[in-house]
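Next come two complexes built around chain A: one with chain B, the other with chain C.
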Partner chain A sequence: MALEKLSDIDRRYIYLLLLVLLAYPVLFPIGLPIQITHEARTIYDDIEAIPEGSLVVMQMDYSAGHAAELGPQSRAIIQHMFMKRLKIIMPCFEPEGPAQTVITMDGMDTFDAVYGEDWVQLPYMVGGESAVAAFASNWPSIVTTDHFGNPLEDMPIMKLYNDANDVVYWFAMGGGSPAGGGSYGPAITQVVARYGTPLGVGALAWGAPLVYPYYESGTIAGLLIGQRGAAEYELLINKPMSAVASTDSISISHLYVVLLIALGNVGYFSRKFRGERK
Partner chain B sequence: MTYYQKQLPLLITGILIVTLIFTYFVDIPGSSLYTDELTAWAALVGAFAIALIGPFNLIRYHAGIISKREPDKWLLSVYTIAITIITYAVGVFISPIGASTTLQDMYNTLLVPCSATIYSLTGFFIASAAYRTFQFRNMETSIMLLAGVLIMMKNAAVGGVIWPGFPIIGDWIMKIPNTGGFRGIMLATTVGLIAYGVRLILGFEKVHAGGT
Partner chain C sequence: MNLIAASLTAMILSYVYKENMFFRIAEHTFIGTSSGYFGALAVGVILNSGVNPLLKGKVILIIPIILGVLLITRYIPNVRWMSLWPTSLLVGVGTALAIRGAIRPSLVDQIVATTKPLFVANNSYDSINNILMLVMVVGTLSYFIFTKEHKGALGSVAYIGRITILAALGSSFGNTVMTRMTLLLGRVQFMLGDPAWYVIPVAFAVIILSTIRDRTK
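This part shows the complex of A and B:
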């Protein structure tokens, strides 16, 4: 009888316990070990191999809802690019991209990089895949000022960029699905397929199954998955930040869900066994 | 409908698609200027649609709900229109440059916490839903349950600590069954898109030109 009740726990208790389990490791870190996956390692090795002063693109396409996972990812990748003293262009093809870029760059250690010379933040470029295509082939046709209204033609960094052939590495942050302008899909079709530029992708945890086929086929060079990917990258660049701090919470919450599934099944089979005996 | 309303848009669509496809695959000297111009036009049309037609349609739709006083809806529609107008006004009149601190402050203090809260709440629903539905009821649900649990243990850093086999099995699921399944879906979708493109070129697809 008691076992049957295991499949009928009030959802409010489930929520409350989850809240406690998420909060506890944030307040009192456990320090569970994080294994580095080959997907994250590939990106790190690729960026590490880029010569100093090379031009890279960091496509900042994610919204506030996805910032919990993609924010730490972009922070870690950009931090690595600054550490390597690369020249970074940050275009946005998602309406919330520029605002998220401002948040990401707030407090970033730029290693004395000069704005306009070593990095630049571009505004939202509307048009989805057409905008990505136009930016990759002839940027002055679609954007003339940076996010702050300064003319781009005067900036030294933009003089290095004619088309995607000039870019050594392209990294696209963006959601879960490859469809839509603010995602990695247009970067695959308009940058990788057309110019052969290596592409790294930062994806949400739930979006990993969608992007994995591109990684397995070699279409994309590297892949960061969810907050776990961000934590791995923070460890790779030896600069633990928010993602490493929240990894314990994610681990504990995953274990909790597995435990809930087990309890639900115990209750289900107990109920079923009793029904069969009757 | 006259020729200019019906046939001409289809003809323009067909010619543009064929030209763009041709210049994408064949490198003709000088053609990039033409295609660059066309893709920039597409972006401009998109900007026009999002910045002007989008808000107009949104306000028209919600104004209809308000005028009919639809129960449980009209107050939310008032709220939606008000927020749209305020955001628009701040962006256009108060600080028109993209880096507006007012817009960024509005974004940081309103949209970011609200979006993050709503997205985070799904985690609670998923925990409850997994508890109630992930059961060994039949073969299909059993496979889904096992795959789900193994992927969860792969994604959680603690999975590899509990048992080193979790990341290996999780990787195998992602690389083999998942990749195979999604490749099939993607190829089918792409073939469908090609068929749709051919219909556009030949003028059978008329929705964008006002047809049915």
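This part shows the complex of A and C:
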């Protein structure tokens, strides 16, 4: 009978224990090892190889719901780009992208990057795939001011950009599937397919099975997956931040989920063997 | 600001315990704020990309603006047909753009990536991977052949496809768990920061009081 009760544990106890398991490593870090994957190292090596002063695009397409995974990723990538003194254009094709960009750029003053010369934040550009295509081919047709209303034509960084051929590396942060508008999908179809610009992708963990085929086929040059990808990149640039601190919690919570699945199955099969299959 | 965010987080998470008034307040606040945000964003986009450049002399923009206005006619029964013009344009341009860009990365490159050499010299790991990939791709494609009953050889190959699809679903589930855990962890980290953690004892006190009240009813 005790085994059968395993599949009927009150969900409130399950959630309470989950919160405790997530919070404990935040307060008392364990320091579980993190292995650097080939996908993350490729991005690091590609950005390391870019000459100083080159133009890169950081497509900031994620919302508050994706910020827990993509926020740390974008912070790590942008820090690396600033360390390499690259010039970053940050377009947004997702409505919440500009707000997330402002949050991400908070605290980047230490790099002495000059706004308008070394980086620029563009506003939300409506149109999904059409907008990405227009931005990649002829940006003045779709955007004339930055996120704060300043004219782009006066900015030195925008004088370097005519079309995607001028961009040495394009990094697209995005939630959702490759087919979704306002994600890395349009960067694949409208930037890589048309201009051949190397593309790095920062994806949510749940989108990994959807984006991996593009990495395996060589369409995508590099790939960061979820918070683990962010943690790997923080270690690669030697700046451990929030993602590295989170990996203990994530690992323990995953073990917890595996344990719950096992317990649920034990309860299910013990009930089945007693002939009370539900 | 952090205290407001922490309070709203605690109110939303209180749903885990049970449906309650605080959860509904936070939920309605979120819906109202989101609607306002996206409404303001839409107005801003129309002004910045359409109306303002038009007023500054970019006369060509009158065409997309008129087409955009015509979309609204779908709500007026007598002239609903007018909304078909901009809809046709949207569908036509969108489809053409998608097809132009998708053929190579989503079709040609994927086929090329699937047809890798089955035996790689001095690399058994790659050899196994490439064989598995071929078998699973063929199996999955066979599973979706509906014009012939899945019996005999086709049935066996389709069965491999079924196993492959289930494995892919398992992989998706695992990754979804990772995303959700990270999302929750982000909130936990925020709630444990200063001054957000002040909300935690208040939330627990409310839950305990609520439990006591329920039991005395």
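We adopt the following convention: the second predicted complex is superposed on the first by the 272 of 278 C-alpha atoms of A that agree within 3 Å, B and C clash if a C-alpha of one lies under 4 Å from a C-alpha of the other, contacts with A are read in each partner's own complex, and residues count from 1 in each chain.
Throughout what follows, a residue touches a chain if its C-beta (ideal position, glycine included) is under 8 Å from a C-beta of that chain, and two chains touch if they have at least 3 such contacts.
The shown structure was predicted, so the numbers you read here are calculated from the model rather than taken from an experiment.
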Which superposed partner A:P213 touches (first chain B, second chain C, both, neither): both
First, second, both or neither for A:A23, with chain B first and chain C second: second
Contacts of A:L263 with chain B and chain C, given as first, second, both or neither: first
Touching partner for A:A49 - first (chain B), second (chain C), both, neither: neither
First, second, both or neither for A:M108, with chain B first and chain C second: neither
Contacts of A:S63 with chain B and chain C, given as first, second, both or neither: first
First (chain B), second (chain C), both or neither touched by A:A205: both
Contacts on chain A seen with chain B and repeated with chain C across the two complexes: 11, 15, 18-19, 65, 67-68, 123-124, 126, 130, 133, 142, 145, 194, 205, 208-209, 213, 216, 225-226, 228, 250, 253-254, 257
Chain B partner contacts - residues on chain A that touch it in the complex: 7, 9, 11, 14-15, 18-19, 32-35, 37, 63-68, 96, 98-99, 102-103, 123-128, 130-131, 133-134, 137-138, 141-142, 145, 147-149, 194, 205, 208-210, 212-213, 216, 225-226, 228, 231, 247-248, 250-258, 260-261, 263-265, 268-269
Residues of chain A defined as touching chain C within the complex: 11-12, 15, 18-19, 22-23, 26-27, 65, 67-69, 71, 95, 123-124, 126, 129-130, 133, 142-145, 178, 186, 188-190, 192-194, 204-209, 213-214, 216-219, 225-228, 242, 245-246, 249-250, 253-254, 257
Of chain B, residues touching chain A in the complex: 24, 32, 35-37, 39-40, 42-47, 50-51, 97-99, 103-104, 107-108, 111-112, 114-116, 118-120, 123-124, 126-128, 130-132, 134-137, 145, 149, 152-153, 155-161, 167, 174-175, 178-179, 182-183, 186
Chain C residues touching chain A - in the complex, by the definition given at the top: 16-17, 37-38, 41, 45, 48-49, 53, 93-94, 97-98, 100-106, 109-110, 112-113, 168, 171-172, 175-179, 181-189, 192
